[in-house]
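Both complexes shown next keep chain A, but they swap its partner, so chain B is in the first and chain C is in the second.
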Partner chain A sequence: MFEAISFYLFAFLVIASFWIAVTTSQALYALTALAAGMILISGFYFTLGADFLGAIQIIVYSGAVLALYAFGMMFFDTTREVKEKNPNKMIVGTLAALSTILTVVIVAAPLVSENIVAFYPSVESIGNTQQIGVVLFTKYLVPFEVAAVMLLVAMIAGIVLAGKKMDVSLTKLAEEEIEKKAEELV
Partner chain B sequence: MEIGLNHYLVLATILFGIGLYGVMRRKNLLMLFFATEILLNSVNIGFAAISHYYGDLTGQMFAFFVIAIAASEVAVGLGLLIVWYKRHNSIDLDEMSLMRG
Partner chain C sequence: MDMAYLIATIVKIVVILLVFSALAGLGTYFERKVLAFMQRRLGPMYVGPYGLLQIAADGIKLFTKEDIIPANVVRPIFKIAPVITAATAFMAAAAIPFMPSFTIGGYEVKPIVSDINIGLLYIFGVMGVGLYGPLLGGMASANKWSLISAARSAAIFISYEVVTGLSILAPVMMVGSLSLIDFNNWQIENGWMVWYQPVAFILFWIAAFAETGRTPFHLVANDHEIIDGFGTEYSGMRWGLFFIGEYANMFFISFVIPLIFLGGFGEGTFIDGLIFLGKMSFFFFFFLWTRAAWPDVRPDQLMWLCWKVLMPIAVLNVVITGIVMM
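Showing the complex of A and B:
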C-alpha cells in the first residue's frame, strides 16, 4: 500500500520535473527542474533496495554533474530566455514516441521470456553496499579500472579544453586592462 | 495494490520518451545536454528495477558504469562547448552546420 503511494507520488513528481526541464524556455528553470528530478529519482533507488546507488545518484548527479552545468550556465550567459527555432511539435512528439517504443521493445523483449537466471544473486543477510563492493571488486574489477582511466582522461580533457587563457586573473586587473584583453581576444 | 516490475519499466519508458522528445526539440546545446541526462537516468531506473525484481546485482553494476560515463560525458562535453562558445559566441545547434551539402 505504502509502496504504491510512494511509487505514484515519486513517479508523478519525476515526470513533472523532467517535463519542465525539457519544455521550458528558461535555462534556470530547466536546471532546477533537472536537479529536483535527479534527487527524486534516488527515492526509487531507495525503494528498490539499491541504497548505494541512491547515495551515488545524489552525490554524483545532484552534486557534481549539476554543479558543472550551473558553471556552464554562468559561462554561456543563458540566464536570459533561450530562443529556439522549434520544429513542428507534432512531428517531434510522434517520432519521439515511436522510437521510444521501438527501443524499449527491442531491449525489454528478452524479459518476456521467463528463462532469466541471476548471475550474481543478492543475499538477504548482507547489506546492499557490502554486496556491491564484493561483486564490483571481483567480477567487475577490469571494467572498474577502465572506468577509472576513462574518468581520468575526461578530467584531463576538461582541464585542457576549458582551461586555456586561465593564467590571467580578471579580478586582479584594472578596468582598462580588462577591456584591452577583451579587444585582443575579439 | 502491488507495484511490480512492469510499473517501473513503464515509468522508465515514459522518462525515456520525455528525454528523447527533449533531444529532438532542443536547439540550444546546453539544454540538449540536459535531455541526454534524462535519457541516462531513465535507463538507470530500469536497471535498478530489474536488479531488484530478479534478485541480481548486475543491473546495479551497469547503472554505476552508466553514471561514470555520464560524468565524463559532461566534463568533456562542457569543455568542447566552452571552446566553441569562445570562437563563435553561440551554442545554437543550427549555426553549427559547417559542412553544408
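Showing the complex of A and C:
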C-alpha cells in the first residue's frame, strides 16, 4: 500500500512540476519547477529500493539546475515575465501529445510482451552501492571510462576558456591600476 | 509494514521536529551568551533570570510580526524559499542516529528515523538542496544586494560540497559503507576514525563551516554590506525560518562530525550516550567560539582556499588512502 501511495504522490508532483516548468513564462518559476521535478524523481528510486541512485539523483540535479539559475541571473531579470513567441498553440499541443504517446508506447511495449529480464538481478545480502560498483567496473567499464575522459576533456576546455586573463586579480589591484587597465582595453 | 513501525516513525519525526525547533531558539541564546562572555559583555539579561526567557520573547516577536511581502517580488517563490531552508535541514536529520538505541517498556527504540544504507550521501545531498533557500530568496527579492548575496552563497555552497564529498570519501573507503550506524560499529572495533584520517577530519570540519554558512565563511548574509544579504527583504517568521534552518543545520553537522570521526556513541550504554552529547556540544560550541574569535574572509580568498588548497589536499588524501589500503 505504501508503495502505491508513494508512487502516485510522486507521480502527481513530478508531472505537476514539469508541467509548470514547460508552460510558465516566468523564468524563475520554470527553473524552480525544473529543480523540484528533478529532485522529486528521486522519490521513485527510493520507492523501488534503489537508494544509491536516489541520493545521486538529488545531488547531481540540484547542482546541475543551479548552472541554469546562473544563466538565468546573467541573461534575464528573473523577476519579470518573459515574452515568448509561440504563434500556434495547435502545433505545440500536437507535438506534445505525439511525444507523450510515443514515450508511453516505448516504455509499455516490453511490459505488454513480458520481455523484461534483469541482467544483474539484485542480491538481498549486498547493498545496492556495492552492486552498482561491481557492474560499473566489470560490464560497463569501457563506457564508464569514456564518460570519465569526456568529463576530463570538458573540464580542461572549461579551464582554458575561462582561464584567460586570470593571472591578475582585480580585488588585489589599487583603484588607479584598474582604471588604467580599463583604458587600455578601450 | 506493521502499524507499530509506522507509529514509532511518526513519533520520532515529531520529536525531532519539536526538539530541534526548540534547540534552534536555544541556540540563539547560547550564541549571544557565549559571544557576550568572550567579548566581556553580559549578553541578554533583562527578560527572566540571566535572560533565559529572551528566547520566548524573540519567539513571540517573530510569530506576531507582520509578514511583509514587498511589491515587485516573485510572490510564490519568495514565500517558499525560507521553507526550503528549514525543511531540507530537518529532512537531512532522517538518517542521523541521535542516540544509541534504548528500551522503553519492552519496545526497542532506535533514535534514527530511517537507517538507509546510504545515510551519508542522503544527508549531504539533502543539505546541498538547502542552498536553494538562500538562492531563491535572493533571486525572488527584486533587490540587487539580495541577488548578489544569493549568487555568492550558491558559489560557496557548490565549491565546498566538493571538499565535503572528497574529504568524506577516504573514511567511506575504509569503512566500506555509507551508513552512520556502520561507521559507529567500525569505530568500536578499530578505534576512532580521526587517528586514521586526521587530514579528512580537518578538511571536513572546515567545510562544515561553509556548509552551514558560519563565520569565518559567513558570506551568505553579508556583514560588510551592512545589510542581511538574501534575507534583506524578509520579516517576521519567514526570516525566522531561515534562522531555524541555519541553527538546525549547525546542530545536525555537530552530530555528524563525532559520528564519523570521533567514535560516535560507541557501545551504546547510557554513559556513552552522554559522552556523545558532550562531543556534539563541543562542536556546536566551536561554531560560536570561531564566530567570536575570527573575522570573515573575502569571497576570493574563500574560493582560493577551496580550489587551490583544500581540494588538492582532499584528492591527495583519497589517493594515499587508496594506495595504503591496497
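One rule holds in what follows: the second predicted complex is superposed on the first by the 129 of 186 C-alpha atoms of A that agree within 3 Å, B and C clash if a C-alpha of one lies under 4 Å from a C-alpha of the other, contacts with A are read in each partner's own complex, and residues count from 1 in each chain.
The working rule: contacts are C-beta pairs under 8 Å (C-beta built on N, C-alpha and C of every residue); 3 or more make two chains touch, one makes a residue touch a chain.
This structure is a prediction, so every number in the text was calculated from the model and none was measured.
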Inset, instruction - Would you sort A:L151 into first (chain B), second (chain C), both or neither based on which partner it touches? - result: first
Inset, instruction - Go through the superposed model and pick first if A:G63 touches only chain B, second if only chain C, both, or neither. - result: second
Inset, instruction - Once the structures are superposed on A, label A:I178 by its partner contacts, choosing first (chain B), second (chain C), both or neither. - result: neither
Inset, instruction - Would you sort A:T129 into first (chain B), second (chain C), both or neither based on which partner it touches? - result: second
Inset, instruction - Would you check which partner chain A:Y140 touches, where first means chain B only, second means chain C only, and both and neither mean what they say? - result: first
Legend entry - chain B versus chain C as contact partner of A:D51, first or second or both or neither: second
Inset, instruction - Go through the superposed model and pick first if A:I15 touches only chain B, second if only chain C, both, or neither. - result: first
Inset, instruction - Report for A:L34: first if it touches chain B alone, second if chain C alone, otherwise both or neither. - result: first
Inset, instruction - Identify which of chain B and chain C touches the larger number of residues of chain A. - result: B
Inset, instruction - Check whether A:M73 is in contact with chain B, with chain C, with both or with neither, and answer first, second, both or neither. - result: both
Legend entry - chain A residues contacted in one complex by chain B, in the other by chain C: 52, 56, 69, 72-73, 78
Legend entry - Contact set on chain A toward chain C in their complex: 2, 26, 28-29, 32, 35, 39, 51-52, 54-56, 58-59, 62-63, 66, 69-70, 72-73, 78-79, 127-129, 169, 171
Legend entry - Complex contacts: residues of chain A adjacent to chain B: 1, 3-4, 7, 11, 14-15, 18-19, 21-23, 27, 30-31, 34, 37-38, 41, 44-45, 48-50, 52-53, 56-57, 60-61, 64-65, 68-69, 71-73, 75-76, 78, 82, 84-87, 89, 92-93, 95-97, 99-101, 103-104, 108, 111, 116, 118-122, 131-132, 135-136, 140, 143, 147, 150-151, 153-155, 157-162, 164, 185
Inset, instruction - Within their complex, state which residues of chain C touch chain A. - result: 1, 72-74, 76-77, 116-118, 121-122, 124-126, 128-129, 131-132, 135-136, 139-140, 142, 147, 151, 154, 158, 161, 177-178, 298, 300
Legend entry - Complex interface listing, chain B residues touching chain A: 1-3, 5, 7-9, 11-22, 24-28, 30-31, 33-35, 37-38, 41, 44-46, 48-52, 54-58, 60-61, 63-65, 67-76, 78-83, 85-86, 91-92, 94
